[in-house]
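Below you'll find a set of structures to go through.
The two complexes that follow have chain A in common; it is paired with chain B in the first and with chain C in the second.
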Partner chain A sequence: MTRAALLCAAGLAAAIVYPLLVPNYLVNIGMLVFFTAFIGQSWNIAGGFAGQTSFGHVVFFGTGAYTSTILQVTYGWNPWLAWPVATAMGGVVGWMIAVLSFRAGLRGSYFALITLAFAEVFRILANSVPFTKGGLGMLIKADQRPINFQFKDPIWIYYLALLLCLVSVAIAWHLTRSRFGARLVAIRENEDAARALGIDVFAEKVKVLPLSGAMCAAGGTFYAQKYLYIDPSIAFGVDKSVEMLLVSMVGGAGTIFGPLIGSFTLMGINEATRWLASVVPALKNVQPLSLIVYGIMLVLIVARLPNGLMGLFRRGPARA
Partner chain B sequence: MKKHVSVRISRRGFVAGTAVLATGSLGFPSIGGAQAAPVKVGMIHPVTGFVAYNGQQSRLGGTMAVEDVNKAGGIKSMGGAKLEALLGDSQSKVEVGVSEVEKMNEQGVAAYIGCFQSPVGIAASQAAAKYNTPFLIDVGASDLIVNRGLKNVFRLKPGFGVCVDDGIASLGALNKAANNVAKTAVIVHESGEFGTGTAKLLAGKLPSVGITAKELIAHDNPTRNFDNIALRIRSMAPDIVMMSNYGNEYMLLARTLFQQKVNVAGFYSILGGGFNYKFVKDMPDVSQYMMDVNHWFNPKSAKAQELKKRVEAAGALFTFEVYLTYSNVMLLADALEHAGSADKEKLTAALAGSTYKADLLPYGPTKFVNGQNQGGRPAVMQSLKGDIEVIAPEEFASAKAVFPKPKLG
Partner chain C sequence: MLEVRDISKAFGGLKAVDHASLDVRQGEIVGLIGPNGAGKTTLFATIAGFHRPDAGTVAFDGKEITGLAPHRICAAGMVRTFQITQPFAGISVRENIMVGAYFRIADRHLAAREAEAVAATVGMADQLDRRGADLTVAGRKRLELARALATGPRLLLLDEVMAGLNPTEIVEIVGVIKDIRASGVTILLIEHVMQAVTSLAERVYVLNQGRMIAEGTPAAIAEDPQVVEAYLGPGAARILRA
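Let's turn to the complex of A and B:
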């Protein structure tokens, strides 16, 4: 067994044992770390591996959240059945955005902006059309039974988030070893050169966005089931897009573990500073302490570690 | 017959139990019996994020109330137990609000108070329901909060349904007294749950007082420029402009309407987030004659006036968040007094049967039905000469309404 595999096994064992030893509050934080890592990984697959930087990934998140919630609340579907449909719908939206954008030749910052525009369009639509109940939002009836994708003990939602995170890491790992992944990296590094090598750039890009969108949509359903309420600002708000992008950038975009490391670090900073502000009398009135430290950390990471925290562990080439 | 008693020990219970045993075996001196254990109250507000000011005001009111309860001898039926405020910041995010609930549950809170924003309140009170912990909604207008059948949720203040009903009735009376000068209205609202819900109800109910809603205009949070909306309103020439939005957008919209010289018979907002002393003092020309249906204190209450002086002496404004959170802490203290215990079931029962007299507020007797206080009602205020006067309900009124307002020059 290699050192890396041993480290992964130890990390996984720690993640499995962790909720058995800590109070519910920390179980909840752990769940948030893995959930954010999961949606971050969905961004990372398109933005990090394929270089298709998106500012509006929340469009997939919201699509997933609304699809499963509408199927459940309006049509009485079981949420477990609605989940794969919502995931597929994220893929369909990803395919649609990919075809429209890449057919028009959008790339780089233009593609980033068009995704932001799509997210805004979806948010406005969710605010306007009757079947989403507009700005009133949608409330999922609380019925805490596993059959309803609701759990009384937070340990189960934690394990579900861990499972999602593992699946996303497995997908990223597979990308680093597959021809498809290699083609994506080639496109990221130099699209024209990739085309010259015979790669069908359009086809590959149209494949990766549905994959990323489907993953992100699965995260949207997970979120809706955890918090049982969504509205257009929550489901399609730009802050979620920023969150996905940040955890990947901080951890290391285009790496297998970047989003997980980023999520762990940013959540850790947030919680540590909030705890400091609650116990250190001098800091009690410094309300946004966590945001200040958060900001400083981001500046330092961007300035000193352009490859993210994963860059600290690498000696060779920067990314996959 | 021998009775078998099965004892289940949870994994955390086991870990906690062994930790307690280990600590106890170290032989710490006992100080038991000296003082009743404090009752922990979790206060979750958005003290950072886009509604940070409102959250900070709520926190101010809550901590002042805790101080007052403790100064008055604590909870007497519990041997003078003091209240201990655990302060949480939701950062204006649902996930963080729920995290705070979990954290405070570990710290042993008896009840929660929060959360200003309805979506955060909905999710946080849902999380508290898992532990059967009472959750008092101090600010949060959505009626979804109390329509879910959760037995742990209580709201002293009225929701937007009641605010709209009372607001429409008062507007109808004002209009009638002014020979039905107003026939049309434009409603401008924030695009979230609170603004949209209020606007929809308004549009449906305005015809009952002979006014038609010409258009509902939604805007985002935050919005930095209202020029286009103001120009659109001016072109439609409604008799009344109705607003339902958060603080900054409310003030910016009001100022833009004034700058664009939008001449109407009246500005009449329902739960206008920015209608407060800061607004009328900083912008007396803009705010003059504007009316708002909102949470307000009873101007005839000596206790409210005294608290207002204390808050202003501390350099803060006496906004609705302050006295609503203050009143919720007092409601909780009253329920603890009646329950004689911080036991969650007893406390929930005491809250459900509470007849607490909300001294600071223009409310009727407290009576909770499905967690909503039936005595909660809004007041109608008008900005007059750089001050805020209550113009309805009549028994609490401090001035007569000016409607229609004089035309702008």
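Let's turn to the complex of A and C:
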């Protein structure tokens, strides 16, 4: 326990010092690692801890991104004020999807498919309704001042991503130590047994999805403010859903640090393959080299390490 | 304490339980026996809220609980175990039992302490850190019992906690069940192991093809010609007597 705490403290110190020592390009990569870990953790809370595997988590991400962007661009809100509203909207959408799907008794792959369908419906809606400006997407006017949630120096957006990541880790840590978290794990492991032991399975599931959705929506706003542009396929495309799921699975679903480790690993592969393609001429035309490596890695992890990379570190038989 | 009246439950065309009634009084150990497929587990699941009965009522402590959700019935003080054990496979025995303990204890440390105490009563104190998936059959049966007990029930429904155990393990778990009753918990159990039923239960109900065919002390039940025929076939009672 103390060794783990020391390791965490050292990691945090390194994360804080890191952007001061490296060029902007690497600061940006660090930011992406923590941001992806954050939205991955939002998936992990519902998918990893509670076992409610979603294939359409991007629905929350897009809800957050669009809510804050519309409030800002159309209604002139300050993005910092729009952020909590966007987060709450993610919670509302999570609640809605939870009530609809869990009331109907959808579990496992059926739940996964219905979330995928919700994400697609939202994408198509965003493409066609007027207030999202349809397929044109929405542009946030560049005005790089902290009051506008835009930063000239990438170090600040890096620290903000780090902070989000820390908050999400703290939430996951709390889950491993609370009654609510224990009930989620019980539901994941065996729903019937959970019911027999007095757990109101429906009520717990209807709590966890809004929590997860709100976190993911907060990530959506962050993303919109960083890139200043969203369109339906960025905000509701399946890529982001897969990314969230992948970092959690690779790192270790249902573990506190799984998404962070997964995010590190995938970003590492990304950069390594990009570098490889630039030095090895034969690989230049193998376009998504990183995807091939991801694929191989995922197969290996599913086959050999069902608990993800975290499984390598775990001592003792019990899950954390 | 528990009054089950005229419960019927059909799946498609199959009448699994057909107008079955039973009573359990405070402090008793009551057995529910019957040949395979008699509908015992279905009756249990219906009492505990896992199935909604087609007809009939279940009352607990004088209050009707027919068709309530399992967590509401658990809150009323009645909890079931599963014949086919359902451990939380990926987490430790301690965490398994804590899920039950969390039902009435919100604090993590207190829930853990309670889980350890319950584990000791069912003889699992040395297995607290093993994963649910790594337990033997006997271990899983004990875990079912421990988790249910940790919710603090007043009435425990045990579904074949002895099936698949060897004679030594059966003697041990019979002792555990006696201790549980001595601590003030009333017990209704489904069991095939007759030696255990005889040594535990004051009264026994016999279910056959969904109908309750007999009720009485274990000794009286063993003599009942209807019961003998239900197990051994028509005419068996006459042959045995001859």
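Here, the second predicted complex is superposed on the first by the 308 of 320 C-alpha atoms of A that agree within 3 Å, B and C clash if a C-alpha of one lies under 4 Å from a C-alpha of the other, contacts with A are read in each partner's own complex, and residues count from 1 in each chain.
As a convention for this text, a contact is a pair of C-beta atoms (placed from the backbone, for glycine too) under 8 Å apart; a residue touches a chain by one contact, two chains touch by 3 or more.
Quick caveat: nothing in here was measured; it's all calculated off a predicted structure.
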item: Which of chain B and chain C A:V185 touches, first, second, both or neither; value: second
item: First, second, both or neither for A:N28, with chain B first and chain C second; value: first
item: First, second, both or neither for A:P154, with chain B first and chain C second; value: first
item: Which of chain B and chain C A:G311 touches, first, second, both or neither; value: neither
item: Which of chain B and chain C A:L228 touches, first, second, both or neither; value: first
item: First (chain B), second (chain C), both or neither touched by A:R177; value: second
item: Larger contact residue set on chain A - chain B or chain C; value: B
item: First (chain B), second (chain C), both or neither touched by A:D200; value: second
item: Doubly contacted residues of chain A, that is, touched by chain B and again by chain C; value: none
item: Chain A residues touching chain B - in the complex, by the definition given at the top; value: 20-21, 23-25, 27-29, 32, 127, 134-137, 139, 141-142, 144, 152, 154, 227-229, 231-234, 239, 274, 278, 287-288, 290-291
item: Of all residues in chain B, those that touch chain A in their complex; value: 11-12, 15, 47-48, 52, 56, 87, 89, 91, 93-95, 98-99, 102-103, 105-106, 119, 122-123, 126, 129-130, 144, 148, 150, 191-193, 195-197, 200, 218, 221
item: Interfacial residue positions of chain C with respect to chain A in the complex; value: 48, 50, 69-71, 74-75, 79-82, 86-92, 94-95, 98-100, 102-103, 106, 108, 111, 129-132, 134, 147-148, 150-151
item: Chain A - residues contacting chain C, complex; value: 177-179, 182-183, 185-186, 188-190, 192-201, 316-319
